[in-house]
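Two complexes come next, and they have one chain in common, chain A, joined by chain B in the first and chain C in the second.
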Partner chain A sequence: MAASTHAARAARDLRGAAFLVAPLALVAIATAAAGDPAWTQTVVNFFVALTAVVGIGIYVGNAGIVSFGHTCFMALGGYLSAILTVAPNFKAGNLPGLPAFLAVVELPLPLSLAFVVLGVGLVAGLTGMVIARLDGAAASIATLGLLVIVYNVLIGAREITRGSQAFYGIPITVGVWTAFAAAAVAIVLARVFRGSSIGLELRATREDEPAAGAVGVRAVPRRWSSWLLSAMVAAVAGALYAHFLGVITPKAFYFHLTFALLAMLIVGGMASVSGAVAGAVLVTVLIEALRRLEEGFAIGSLAVPPVFGLTVVGLGLAILLVMYRRPQGLLGFAEIEELVAPAASPHVAPGPLPRVEAAGALVAEGIGRSFGGLRAVDGVDLRLATGEIVGLIGPNGAGKSTLLGLISGVLRPDAGRVTLDGVDATDWPAWRMARRGLGRTFQNIRLFRNLSVHENVEVAARRSGLDAGPLLAQFGLDALAHRPAGTLAYGPQRRLEIARAVALAPRFLLLDEPAAGMNETESDALLDDLRRLRDETGIGLLVIDHDLRLIMRLCDRVVVLDRGQVIAEGPPAVVQKDPAVIEAYLGRAHRPTEPNSEG
Partner chain B sequence: MKRRHVLGTLAAAAALSQAPLAQAQETIVIGFGGGLTGYLAYYDGLVLNGAQMAVDEINAAGGIAGKYMIDFQVKDVRSEAAAAAVAGNELVAAGAVALISPCDADPAIAFAQPAQAAQIPVIAPCASTPVLFAAVGDYTFQTYTADNLQAAVSAKYARERGYANAYILISPDTPYTEKLPLYFADAFQKMGGALVGQGTYAFGQQDFSAEVTNIKALDPQPDVIMTSAYEPDFPAFIKQLRAAGITTPVIGSDGIDSGTTLALGEIAEGVVFTTGGFPAPGSDLEAFYKAYVARYGGAIETDVAPFAAVAHEAVMTLAKAIEAAGSTEGAAIRDALAAMTDFKGVTGSTVALNTPNNVALRDVALVRVTGGAKEHLGNMQPAAADVPAP
Partner chain C sequence: MTIELLLQQVLNALSLGGTYALLALGLAIVFSMMGLINFAHGEIMSGAGYGLWFVILVGLPFGLGIVAAVVTGLAIAVAMEKIAFRPVRSASPAALLLTSFAVSGIMQVLFQNLISPKGRPVAVPDVLTGSWTLGTLHVGTIQALSIIVTLALLAGLTVFFRRTRMGIAMRAAASDFDVARLMGIRANAVIAAAFGVSGVLAGAAATFWVAQRGSVDPLMGFLPVLKAFIAVIVGGLGRLEGAVAGGFLLGFIEIGLRAFLPDDLVAYREALTLALVILILVLRPRGLMGRARESVR
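So, the complex of A and B:
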């Protein structure tokens, strides 16, 4: 089954790539047939920029981190290929610092490109070890730093790069076919990567890193892979740039190019490959149209004089307009075929839920955690066996969510230990807890909002080997499968979050306020669903909620937490009558409000 | 003929009158590619205006040799090499008989390559790094006072003043700030001087104390300090140099031919620099500057520079070459350009293009800052043998 779904996914991605590559092929054929040098130059320029933009999008789009640094990989690709391909007698006169083996080689372009991919891949692999650890603005600034460093190194290494002087004499070997081939390969790679498990998981981290961690996704290696692949594609684009102009300088690969390429990516929509293509097409078409207008034209007897600057100003206005109307870019998060022919969400027969085979337990022993002077959780013992439903209640600020964080690996306890089926899991991060059988939901729903309902579940399902479709049907979500998760109503969002956790085939499931915001009817339906879930799967459920009616009817056992400590534990009927519990709940009104650590 | 202008000079250009169409037999295309937007806009804007003036003058007089009217086709290359390559191809396809190139090296190279392949001459009126001949080929000509030409003149001046030991300050950030002092050192040493030290700085460097300390410790002390630094680096450097009590004469280059240098006051007193031309009262260049500001507005002191005059001259040089060749065929124009020995245009300098790398041998102006004003020390043309090889 796994092999066939792999093949089906690859087929889907290749079909999507074909949607993009086919029109580009027509452009290439028309250009080659016309044979006009200026037009050819324009089209080659477009294909090179497209290759770069698609390459940059592999990282920026999937990781959701704007990179200012990818032009440095273009620069490295351009310079490396230039050094490998220019004639030895040029090197003797202009690049005196080259090591002997580089000074004598004179490679053809295809071989040189292979070395560019390997060489720049090495640089990207090393820099990625640092940059992949960062996210958001920190990562963006780090990429900017990388660009500045590489720029200055290229200028400083003038014995092998000619420094700030133009590096000329590069064989002009890139024509329309080479450039088209590079763009097509970049598009196929980008589509396959985007649809692959790595790409899907990376997009999940883009949407919500903690939630991705809760389904076993490690962000850092995913970001690293996309950084590496996107750098390699950018490097090829840089090499093509060098071989179609025949001259490069470090400043050609600096801020100006960076912002020109990012503008294409952002205008088109950086979250999809189609967006990258659309952006490159739109910007190129605008430039070509505007620059013909700016040279002056005549309408009948009215001669419009040339106004240079129109191209730049017009392009800026167009970008502003697109961003104003469509802040996520022209295509938003969708690929072109999803817009042209939206996938139907047919009803699927509900499939069997994953079944917990061997009994086991998730155990916390004396765990605690302080935040500054506040002992949020203090020496708590908690045991959740497979097949049982345990309720965790307590007034606001009692430490319930902190306890959940400690058990699930989001927070590290400063006392006590956690074991999962007898194995010490105290120091396990959230993703490892998830991979070893612990699913969870969040107090404030954390979905991958811009991924489809199906993809939300698939992130987890691919890891567990389950089939996402029938699972969605189990949760009544099959008809919504292709909707972006963020567009669902509240109830379905809650159901989806649980479905996603179940798709992990967990042995234990932690639900943080699943009934929050529900009315009595919805809460009753949830109760039935959860009980059925336990009965059919044998998963151990730990449910936090303020809805005491739900907790008391649902749970086999209830644990009451107050001020970080367990004050009562037992069957619902017993706990309900415990004086300490009554005091904790009723007494709350008489005590000053405590700081809320659940946030 | 169409009127053309950049955004900034819209008002001035709108005031232009259409040139009368004379009875010439033929119209030829001269193509212009420049960075009319982007970082080259200041330079290429000046070049465009100067060249346009020459085209208008030629057409008003009935064309080149009364025979060829000029259709001046202008392309904005947006200061990008890729756009310059497209523009070069388009102008070649439009049947241009000659091209005027952008200022900076990489767009100029990308622009000139298709012309070289099609055997159409290209003149670069403001690129000062002598690189086109080697990078593109024998159809390219550089007519501005090249870096190595300026260096030959400042070296000659230094030796004539009796300076024996020189120190140079370079920045590898651009060819201009790196190579020009190196050319100076080369020429200075060939003329019998000695290089006693060399310092390096980075663009935007505020603190020159390390370089100043090194200069102070030199033995023997330099008689002259040469640099092609410009603002903000040059002001920072000379302030700290003088503050340290070092009174060694300083020679600069055309990068400091600006109001900022004069505004330094006492600190800049006595600084000598080379530049592309000086509008001395009654000179040809002054007359051109006056005509320029009369057409495009602004003031002679701030809104026009030698590039504009050299661009004007470049078009006139082309006209002369076409006239001499008696043909608009590329190879014939190229040969006529390469045979030119003493063309004289609005800069007032003779221009020789029969040089090894097609880089013009021409006058360089020497200017000294005296009493907060520019004092013209005179124009000097180096012997071809004194110009360092690029």
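So, the complex of A and C:
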């Protein structure tokens, strides 16, 4: 994957989609050939559900946020398409509240679907402005609220929707081929989105939002785009339901459907499109089987009475089983072609590292920050020029990591200012600092654990326009490129984190305890690597570490922090002899190295 | 708009908001402990309602029914934790949410099959259905009681969290579960206690709910608990005071809309209430009392 161009990526995603669409096409052909009504009914139902599930997965899978709300977009799609396609004389009698222009139209399905995509897209775009700002459980609950709001509005607006009564007479125009086509389009869209830069960045925020911010990724706009696209696909699925059944009610798009669709998504694995497809197949089979049981049946002379709600119990137990045994779903994070034919990690020649062209400096002037009554950082001046290596040391609790947070935009200073190449950057959030040339690593390694090693670097490399492959080789990670980052050993994880930061082509790089947990040999290797990095790229490096042996040999200049203030600064040899430093830092521990990390 | 009418609405809002606050507080306690938004909290509430219904059905006095509601709520909550949530305790928030979602669906079907899909009437004694008249103000007995008991419960919980060993342990676990464990706090005990408290609060809420409506049904808990979810996120996820404030806020918004909404919009009351509260999140995505999340590590 040396040339990760747009075309190559699209080709890869389309090939992956083909893996999924091909067997579905066979099912469609077989169904059309057989022409059995009951079977056709089941298959069309499956394709429509599949379209919905794949659509929902575009948001849920990539953002990692469970949505209960997408069924409401199906409802809106279904009702909108119904209103657009039924005959005007039906509307005159049943839907007196319709605006005049809607009362007279009678559109064919394809045109109606276009309006469904636009209309529901508008609603999704607006609601997404709220929901994309939320994460985790808060977002999930907000989507649930949205579902209940839409349900109540559909029931309340009875002059337009017939309220809780059935909306019947919808033209039944959806058969096997239309439903299959919708599912195929949904799968292709979902695969292309997943592999796109937006999809990759969104998956990075799913794995670790602060780390994504550190490579310039803003979560909110990414979540918004996936919300919009997934709502549009769900809306089409809802419209197809309406034109397949001919009759809809608000209740048809409420909890039962939500439950079934989420079960499909979860059982297969919500993080991949293949998982959504696999889940839709399995759960459809389960529902069909349970539905027969639910109606009551006889074993010989023994009649088993109908059991109410058996499908809900069955789906509930299926969800529980998956949660207990394999919470990431049957397929986990992988797409089907990655499981069937795993890509080899070809040897790639190490490429040149990005070079810093113009000199500049990252400067903090008098910055400070309090937490409650504690002045964690108090009036610190710090200057890091391109091409130099500055060490930042100090006893535990001296404020080193807080200082790093203030400089990198994760924390906002309450005093002083930060400038980046002379531009005031005090109020810049982390993602903007990253985009303007500041890379960083974290004290507790923060990788995108369920993304591959290659993808971890790719997130940053796509922003800077670098090629991820040769860069990985440069860091000796090319052989591991397709492994999930979370499965790497400790040393390679540290290296990967640095590689990811370098892939951003930064002008300045902040390393928070890169040598933590390393033995002497490893720390020597790190020293060589960092020195070479500086020499070859001209990046300005700020290194926090407790390994004084490393700091003193590596750095051009050392800054010593104690109780939030700079107590010494200068060349390593000078700082090492400073009485204030010895008292504050070295004097406390009689060992020259203090291996523990800051709590 | 007279002062009396306004006062009347304030009382209504306090009563309804208080019930939401009890439910929201229970949700927030469990959330702060293990990051779970318990979707099945509504079924704890419905189950507690059935406890009350059963005691009245067999002819015991209403007072015992209240005890039964609280005990049932407690028992269901603790059992739910042990059976359903313990195996997935360390899973991701999404996995926890989905687990509780499945539990909720299964329990609804159980209520429908084992008891009845339709509502079951609960006879409420005359003492409780009456009202007092203070000047021109009519105060329902249940309403007044619900306000008093809610405030007493909130005060009692405050004391519990500040003074008792278990309460302090729970607060420690809520602020940092891993550190609390290192300090020797037993995870199983605090989590079970958190569920227990949430069950008791759901039991109390169920009592007020059933006493005011006179019946129990399998989906009874759904709407009030949905509002409590919203109250919890509006208050700031995991902030106990926030959840209580969010519950009362929701009560005031709902009563306000019920009182002042023009007739042609009454059908949209629920939708408007939820939409208004969710819109608060536009202004404060972390909720009313949410801390801005900052992390330097």
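One rule holds for everything that comes next: the second predicted complex is superposed on the first by the 543 of 599 C-alpha atoms of A that agree within 3 Å, B and C clash if a C-alpha of one lies under 4 Å from a C-alpha of the other, contacts with A are read in each partner's own complex, and residues count from 1 in each chain.
In this text, contacts are C-beta pairs under 8 Å (C-beta built on N, C-alpha and C of every residue); 3 or more make two chains touch, one makes a residue touch a chain.
If you're wondering where the values come from, they're calculated on a predicted model, not measured in any experiment.
By the touch criterion defined above, A:245 reaches chain B but does not reach chain C.
In the superposition on chain A, contact is made by A:294 with chain B only, not with chain C.
Residue contacts after overlaying the shared chain place A:166 against chain B, while chain C stays out of touching range. In the superposed pair of complexes, A:312 makes contact with chain B and with chain C alike. Touched residues of chain A were counted for both chain B and chain C, and C has more of them. When the two structures are aligned on the shared chain, A:156 is found in touch with chain B and with chain C. Contacts of A:36 after superposition on the shared chain: chain B is touched, whereas chain C is not. Of the two partner chains, neither chain B nor chain C is touched by A:286.
In the overlay built on the shared chain, the residue A:65 is in contact with chain C alone; chain B does not reach it. Overlap of the chain B and chain C interfaces on chain A comprises residues 155-156, 158, 307-309, 312.
Taken in their complex, chain A has these residues touching chain B: 36-38, 40-42, 45, 48, 155-156, 158, 163-166, 168-169, 172, 241, 244-249, 252, 256, 291, 294-296, 303, 305-309, 311-312.
Across the complex, chain A meets chain C through its residues 64-66, 68, 129-130, 133-134, 136-138, 140-142, 144-146, 148-150, 152-153, 155-158, 210, 255, 259, 262, 266, 307-310, 312-313, 315-317, 319-320, 323-324, 327, 401-402, 404-405, 410-411, 442-444. Residue ranges of chain B in contact with chain A, taken from their complex: 2-7, 10, 13-14, 36-39, 74-76, 78-82, 85-86, 89-90, 92-93, 105-106, 109-110, 113-114, 129, 131, 134-136, 172-175, 178-179. Here chain C touches chain A in the complex through residues 31, 35, 37, 84, 87-88, 91-95, 97-99, 101-103, 105-106, 108-109, 112-113, 117, 226, 229-230, 232-233, 237, 267-268, 270-271, 274-275, 277-279, 281-282, 285, 287, 294-297, going by the rule given at the top.
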